[in-house]
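Think of it as A, B and C in the order they're written, each chain with its own count starting at 1.
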Amino acid sequence: MNAKKHPYGILSVLLIILVMIAFISLGIGAVYTSPVEVFTNLIGKSQSNHFILFNYRIPRMLLAVIVGASLAVSGAILQGILKNPLASPDVIGVTKGSGLFAVAVLIIFPGASMVALPFSAFLGAAVIAIALMLFSYTQSTKTHSLALIGVALGAICQAGIQYFMIKFPDNVNTTLLWLTGSLWGRGWNEMWFLIPCLILIPLIIIFISKLDILNLGDEMAVGLGERIKYVRYTLLSISVILTGASVAVVGSIGFIGLISPHIGRRLVGSRSKFLLPVSALIGALFLLLADTVGRGVVPPIEIPSGIVTAIIGAPYFLYLLRREQKNK
Amino acid sequence: MNKNIKKQRARRYIIGFISVFLLIAGIFIHVSVGSSSIGITDVIKALFQPDNSKQTTVIQTLRLPRAVLAALIGASLAVAGALMQAITRNSLASPQVFGVNAGASLAIVVATILFPELHSKTTVYFAFLGSALGGITVYLFAAGGKVTHIKLALAGMAVHLFLSSLTQGVIVLNEDATDVLYWLVGSINGKNWSHVLILLPWSVFGLLAAFIMGRSISILVLGENMATGLGEKVQWIRLVSGVIVIILAGSSVAVAGPIGFIGLMVPHIARKLVGGDYQRILPFSALLGGILLIYADILSRFIAYPFESPVGIVTALIGAPFFLYLARKGRNIKQ
Amino acid sequence: MKTGRKLKIVSVMAILSILLVLAGCGAKQDSTDKESSNNQKVAVKHELGTTKVPENPKRIVVLELSFVDALHGLGIKPVGIADDNKKDMIEQLVNGKMKYTSVGTRQQPNLEVISSLKPDLIIADVQRHKAIYKDLQQIAPTIELNSRESTYEENIDAFKTIAKATGKDKKAEERLNKHEETIAELKKEVKEENGQTILPAVVRDTSFQAHTSASYDGGFLENLGFKDAVQSKEAYAEMNLEQLSDINPDILILANNEGKLLTDEWKSNPLWKNLKAVKNHKVFVVDRNLWTRFRGVVSSEAIGKDTVKLLHDQQK
């Protein structure tokens, strides 16, 4: 396929599209700002919508880009480790684990400072990842069972979340809204939580050759002398950190980690060297678009981005499944 | 050899008797437990020597229909699950994993919002539509070609996620959140005879149809080639079973919301207890399903006592770890 | 060579993002500096601390309905209201047409719109809007009060705080005195029913939610001389028909949701028919907005008058 021959071209095109959409998204919201105004504000020549731009739109746009990229990369990593194209943090239970712990803290310690939330999200993601690794350890390290166990763990976390909502019905509204995933009310303060992502994503893009080795198949890779388990666990940890940070900031937004790597694969093939950065860009675009649409469709009401990603993501995912099916 | 078969048969009869006893005991306990306890003797009196006392009214109009409903829904969901596991040859199949529950749930929520005055009898049809769409979507993926457990579970999970978030979204954007939980989790609180009447024809029809299909299903499970060789029309069996599943699951969700995991757990337990013949598995699943849901509902009274909780929470809290157990067992589960 | 190029792209991206972050931090400083250039200020104590509010604020944004009620009682018009996009609900509250800008839902008010209104005071609900307190403070001095989970008494306290923040202490005092007179009169009118048990409840298609003595309407009704049929520390209690018939209140007030209702199914049940309230024709359907959403000095008087009218117009 032609596309696969020009990965750098694709990368550049995606980057340009991202910047364009980011720019446009800065203009969209309850208070419409024309692109010209946005530009003059950015270069400091005008103060007209300065407050809105710099306090709401810019941080929100950046958050969307970073979280979108993080979730996409996390999904790409998981799909590589588990050798399953259907894996992603939401389906494997990592997102749900984050959600469970965060919800537990939200409800049990309502007076807790805002810092407690991201920590519990991280903790939740980590716990699920550890559980996954533990379970796979006692079994044979079949990658297939790992995915399945992840789904089961996700189901347990979901049951736990619902239990909390029943036991503490006063908080149901806030909890549900948080769980649906949205960028409302997120700003510069939340940027701190994404620092690990800012560090990890460029790092992982540079050192991704390791992932390709995993793709060769366990037997061959062992033959090449790589310490498979070590690499796998490291990558899993990275995926967990990226997911945990993302959930901490936006709640549980789904389908980004699932779909972005797929689209990426169609564009540039399975070589992680290109797949990861392309997935990151696609994920960023996806979430940015979802957030912009959610904000701009019926102002001043905002549709949570999690719902928009689900509406766009799921049908596309099913379409992907069918294509996958046909290719078998 | 003969002795073994006799032993097995005796064992099955014993299990059968115990189950029926458990079911009836369950109904009694269910009726006696509630926001105020009613003694068992009083329950018996109310059932067989009804008078006009308040207690009798409570039992007859509120508690009894709820117990009956629990049994019916449990049976329906369990049989639906057993059918699904048979026709997809996948031990993880169930109305919930297949998005059938979530689809029905979404359809009802949308229907309730678009047509608020709709009577419950008519929302059942919406539920059928929704469960059909949900199930077909995932089934399309499962049909033909090699479907491993994981693919099914993941595909089903994705569909389930999608439908649930849509449902969540629709409800959250419409403000009243206490009802949301109900539609996401499933509950039989506050149901009465009118609900039983709505469900009854569909359940009975579905269950009977399933039992009749028992023999064909057993053969199908042996393997498609064998089945075709033995003269069974495989596609037709699959289609009819699919319709039965939609009827059983859809009607249950229409009345009580998406109660999960019953269809997943019960067929496995049934298989363990009575062997692999579907002519036995199906009726036994019905029995077991009823028992499971009744006792789960009894438990649900105690989560936030004295207030009631949705029974779906209990089935989820029991079922999810069971799901994990199944996942760990790997893919060598014989049908 | 190829890795070199990748590295360059990645580092450019990283530098860009870091630059943007820094720019944003700089911008944040800007807006907070603007704050302190105001002259006279009043220190107002609220649920999340103390805020310096400029004297006699002219542009007020309120994020809950009880605050609209409070401002209405003080004769002030807010410039922005979180009205869930229901303009007619607000018009019902203030009994007339009013010009204002909607800032979105109470659940998730739109910060952009709020800031574009350039308010000098924001009044928010401590339960719903605790998480965005800092963001609101960035726009304008913000006070957070009890609204959603407030009792009748807490609501009156909030009213006084709002009066202080808007410099209308005297007007508040007058209004509260008038309020007490109105309440005393209403109390006299329901003297016959004094001591009877009353149960207000919100009915939906799958739930019957009783409002206990700890709820706003429950507490207010007790103030009028009734006794709430459910005495509890929790404001709401979900009930089934069995529990309702055990409690058996003298008067039943139903605030019905639109669409199907749980009570429709109960009506054919003998347990319902045997309820004291049903037998004595003391079951009343009331407007849900007024009884459970508005909450405030003005609205409570409307609730009271409603109650009197329902009890004395025996037109069943």
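By our rule, a contact is a pair of C-beta atoms (placed from the backbone, for glycine too) under 8 Å apart; a residue touches a chain by one contact, two chains touch by 3 or more.
Keep in mind the model is a prediction, meaning the values are calculated, not measured.
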item: Of B-C and A-C, pair with higher C-beta contact tally; value: A-C
item: Innermost chain, taking as reference the mean of every protein Cα atom displayed; value: A
item: Distance-maximising chain from subunit C - centres being C-alpha averages; value: B
item: Between subunit A and subunit C, centroid-to-centroid distance (C-alpha), Å; value: 36
item: Centre-of-Cα separation between subunit C and subunit B, whole angstrom; value: 41
item: Of all residues in subunit B, the ones touching two or more other chains; value: 178
item: Subunit C, residues touching no fewer than two other chains; value: 107, 238
item: Subunit A, residues touching no fewer than two other chains; value: 169, 173, 177, 301
item: Footprint of subunit A on subunit C - complex, ascending; value: 3, 5-7, 9-11, 13-14, 17-18, 20-21, 23-25, 27-28, 30-31, 85, 102-105, 107-113, 115-116, 128, 131-132, 134-135, 138-139, 149, 238
item: Subunit A - residues contacting subunit C, complex; value: 8, 11, 15, 29-31, 49-52, 54-59, 62, 66, 114, 169-170, 173-174, 177, 182, 184-185, 187-189, 191, 198, 202, 205-206, 273, 277, 299-302
item: Subunit B residues touching subunit C - in the complex, by the definition given at the top; value: 34-36, 54, 57-58, 61-63, 112, 116-118, 175-176, 178-179, 182, 187, 189-190, 192, 194, 306-308
item: Contact footprint of subunit B on subunit C as seen in their complex; value: 84, 107, 204-209, 237-238, 240-243, 245-246, 257-260, 262, 265, 269-271, 274
item: In the complex, subunit B residues that touch subunit A; value: 92, 137, 140-141, 144-146, 148-151, 153-155, 157-159, 161-162, 165-166, 168-169, 172-173, 177-178, 180-181, 184-185, 303-304, 309-310, 312-313, 316-317, 319-321, 323-324, 326-328, 330-331
